[in-house]
């Protein structure tokens, strides 16, 4: 039994509040246990230089934490004048994951800027960011469809992400909170599509390597978790992702 | 009549949600019309080098906006690698204002880090930040009192801030929203204490200079506004600021 | 009596040396007591991107101190790789103040770069910078008029700035030197036009808040000070600002 | 058949030249096809602040490419003044992987600085860096053992890394060169120990998600590749890693 | 005949105004034709980390130009956030040259900070900086001697610097102004001691290489120029550099 | 006799390996004793803004050292986020020297990017960089001639560089290694053309000034050294520099 009485294969309480902000084309507040992330999707009607005049769009992501999202206050990256390696790694991951389920030609020559700002952190901020950002992005696409700027939904499938891991006793666990994560032997982030395929799989055994058999168990558990998340995403944006909208 | 049907001397709806975050010693979400700011107060048990071994504390403030707090997405300051002049000006103002109502010797050799993060912007973000940060700070002091780390409340008086201004027709207005602010002839920020004195007064007539008579009217209106804000602050933290706690 | 035998309402000796430098379109060395600032105005025949093709000009200001302008050597901002908040605040203030008395349409699509470099500092460097920069700017306008590049003087009024304040005994003082400033209870910078209106008013009571009655006395004293400065400016550039040149 | 006549499960020619540089405690030049990386391991007799006085060491890695290691010259990161996200991601990965096979308590309070500098790039630079850096690190440990500064070999197992992937036709391929990598549908880096366990597994299907069955085939192929690499590492450093040295 | 009627071996008018600033331990304004540089020497009672506890001092130099010291305004290095290569080269040169004529053990564990700020530039700013900085430094040493903080003058000899060059017609010229410098075929900076030896010699023939015979003529002319400068320096600081003060 | 048994006027063993890298238009590995530098020349078909539409090309150089090229590991400049003054000085020197022997009009509107990366340092890295970079550049020109992009060889003469110096005993020495260089009284870098003229001469006597007689001896020795280097360069690129190719 875990300290918050969850079973090993049980996720924390999750909530996605759509249209959380007034200005962005799409936005949500996603809450996973005590982790809270504001995700927004902003449309810019041009693409980065390397993509110009190719009839394709782009999705770029930025990620940050409020200084006091964490137990100890962290120094603001704008004050330091540079972004940490961890932040860079996460924002590259978010962008890559979302691009995997978007038809960039259907999107056309525009950029979707994804901003994930962690208001409160308790483990799983990168996976919550991806799960929430996906919804914010589809809401933004919905707005463009409504305005007639898009003819078809550019999102080609659902997308969600979850963390799995193993503690020192080598129990497999779903959706680690901060305490579990910081003492884990193995840590893995799994990003999957609605059709059950992998978009990204990142497992690390810094504390202790893991076997092929353990890999199989972690992947199976991640598969269960992402399915639950996608069922919930469907409640919120199912109408936008209806069959006839999908490419 | 203003576009949102407010009278010239009427403030927008204000709400302060205390204990908004889990980790900081003090925190609030302050909402003024469509402007929303998360203010947190974090205690660090040491002071900057210039204050060491003087038996006095310090209050430092940082301010930022989420990229999509605004109508157009603004570039993240951490990505640019530097903080804008506007941000610097505001965070220096917040720190200076709060220090004016804190007895730094009662605080002792510790630093209060104030973080004001604008989630949604619609004018008046710096005055909302000050009004909210004051409450977050007093909540943090309350926690230190409770833990026995402080013997006495270091806050010596209430503090709140409001914007006043004049439109092109030279009507005096209280609490300008973004649209009013961006078309104003004169713009003034007024920060006052519970005893009705000025902590800071910043008036600028970039679009058009203003007369002594106009200054008098602006100041009087600001005085009314800050009094209303302090009445509301008192509802939330009045017990902490009770007579016998005050220095 | 003040330490340099000045009366409470007496300014320090002031001198403005026009055409101090060879290269800029306009320049002065302004000396206020022991404070010395080189102010130059450079004309660039284009405007920043946000103003292009609007038929209007711009005034941008930069401010810096030589490392040993101060009692203790300060680290050069170019070595640190960033500009301090204080510097940013001052250069934004200088630009804003000058723009308030210039008709940017008369100026046309060009930028006036104002550089204020403090050679020696003894309090009041920001107000001396504004008072001197105004003269340098009008000299530059004079040169453009002479060259036929301008049809009319873009400056619409005189402009000068002075500091006022209150010491711990709550005596009101005009034109504070460094020692007075660093021990002041209240500190205020006042920027006024030739017609006696306020362009900017910044009062701060970090050490101790101030009352409405005190505000009145500070403002009156600042009004006197700026009038004296403008009389002196008139001796130097009065011919350029003659009635028929003014818009 | 691949363009260089390799079979799908065939690695490129690999060569590790030990003691390549004069100054570092350990160094190699690793060549994998046309990819060449200089890896060096430098010993510093202290640890980062967060580890002080814990009796444990640290391994930190940095990675860079010469500007003309690539087909198009890339801008030098020192000229840009910041390190790209890709570089950060890779150097964090190298450090994490090496730490997984080092007993940091046996290492004691010292830091091993790993520098991987890509002289020529043709795909697989991060995996070549890890495979080469591991050898450089063990050579450095060998020197410390020889000097009596270490009593026991801190490396607890072999470590090597290889890339696997799938082309558009969904053929599984071992050890992708640049051209194969830049057109791959799925790309995976696998880092394994001598005992056949995973230290890190990073698979990404940005171009197209991949199924569980495909994951199995990729992992099996990566397992074969890392075994071959470790057989070669053993030829070079087998004597240092002999049974009685291992913890 | 040169455009300002100087002979080929004639220097521009030179003037050194000692004690130009109020705060620094030593300072001058040096004027060479239209080139004007403020040089100050500040004493800091500690040395950089690499020199600690060795009983020796250090001399560090910084160099900058006001933005409008030049015909075209140059961007302020503090705004750009980095110092140009030219600036770095010059400040390293100034420091190296001054250290060559100072006995750092006599100086003791203190740093002399030299600041050379070019107020107006018309060629030869680096040589004027060295010639002026030397005087400012000796004035600062004089102050330390007077205060009893030094027992002996640390400067061991006079030091001055001059530029020489060749125009396209291969005429040798002394003390080039900006126009001569920017069209020169060969450009050389020569720094010499009172005893007629070279401290630094930097000749560059970017536009056209130069022969050994030409080198001889340039060096002879530089020798003449530096002698004249040292005669003038002697008028100002001769009493401080008297025989019995010299080491 | 020197520690490595060289005579005072004897160079270290030198080797230049042409076509060292696969991607650049021209490249070499130059080895001088234990100093090793990879020099590459990359052609970019455009020029910097200040040269556009003038029918002339440009040569830009960058220089860096691997962190462990030196006895003690040095911090990577990309990690520090800025380039040191020493690096800037060297890369400016390399660019200036190469431009002195190239007809930029024959080159046409293209930039040659020179990258000198020191793999292992043992004194003389800047002179080895110039000697090697010259060969890499001519190889790149050879490729452009071969491709018909150039009609004529833009290099107008050979170019090489060597260090000379004097030890504490005032013996003149050719080609100083690191140990000799770090204890030298006088240090001089000499860059000469095939026709025996000076492109750059930089002598510094930071430890002790040098006389005119000493200057003569240093220059004569440098002349001998550069002649030997150019004889070797001729073996490698003599065919490209044949009479009928030269302008």
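Going in written order, the chains are labelled A, B, C, D, E and F, and every chain counts its residues from 1.
The definition used in the following text is that contacts are C-beta pairs under 8 Å (C-beta built on N, C-alpha and C of every residue); 3 or more make two chains touch, one makes a residue touch a chain.
To keep track of the chains, here are their UniProt names: A, B, C, D, E, F = Ribonuclease PH.
Worth saying up front: this structure is predicted, and the values here are computed from it rather than measured.
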| item | value |
| --- | --- |
| For chain B and chain E, chains touching each | C |
| Repeat of interface A-D, chosen from E-F, C-E or D-F - more than half of residue-number contact pairs shared | E-F |
| Chain E against chain C, contact positions shared by both copies (same if over half, else different) | same |
| Whole-Å separation of chain centres (CA-atom averages), chain D against chain E | 51 |
| Euclidean distance of C-alpha centroids - chain A vs chain B, Å | 34 |
| Where chain B and chain C are represented by their mean Cα positions, the distance between them in whole Å | 28 |
| Two or more partner chains touched - positions in chain E | 81-82 |
| Arrangement of touching chains [line / ring / star / complete / other] | ring |
| Order in which chains appear around the ring, chain C first, chain E after it | C, E, F, D, A, B |
| List of chain E residues in touch with chain C within their complex | 21-24, 27, 34, 38, 40, 42, 44, 62, 64, 66-71, 73, 76-83, 87, 113, 115, 117, 119-120, 122 |
| Complex contact set, residues of chain E against chain F | 82, 85-86, 88-89, 91-92, 96, 99-100, 192-193, 195-212, 215, 219, 223 |
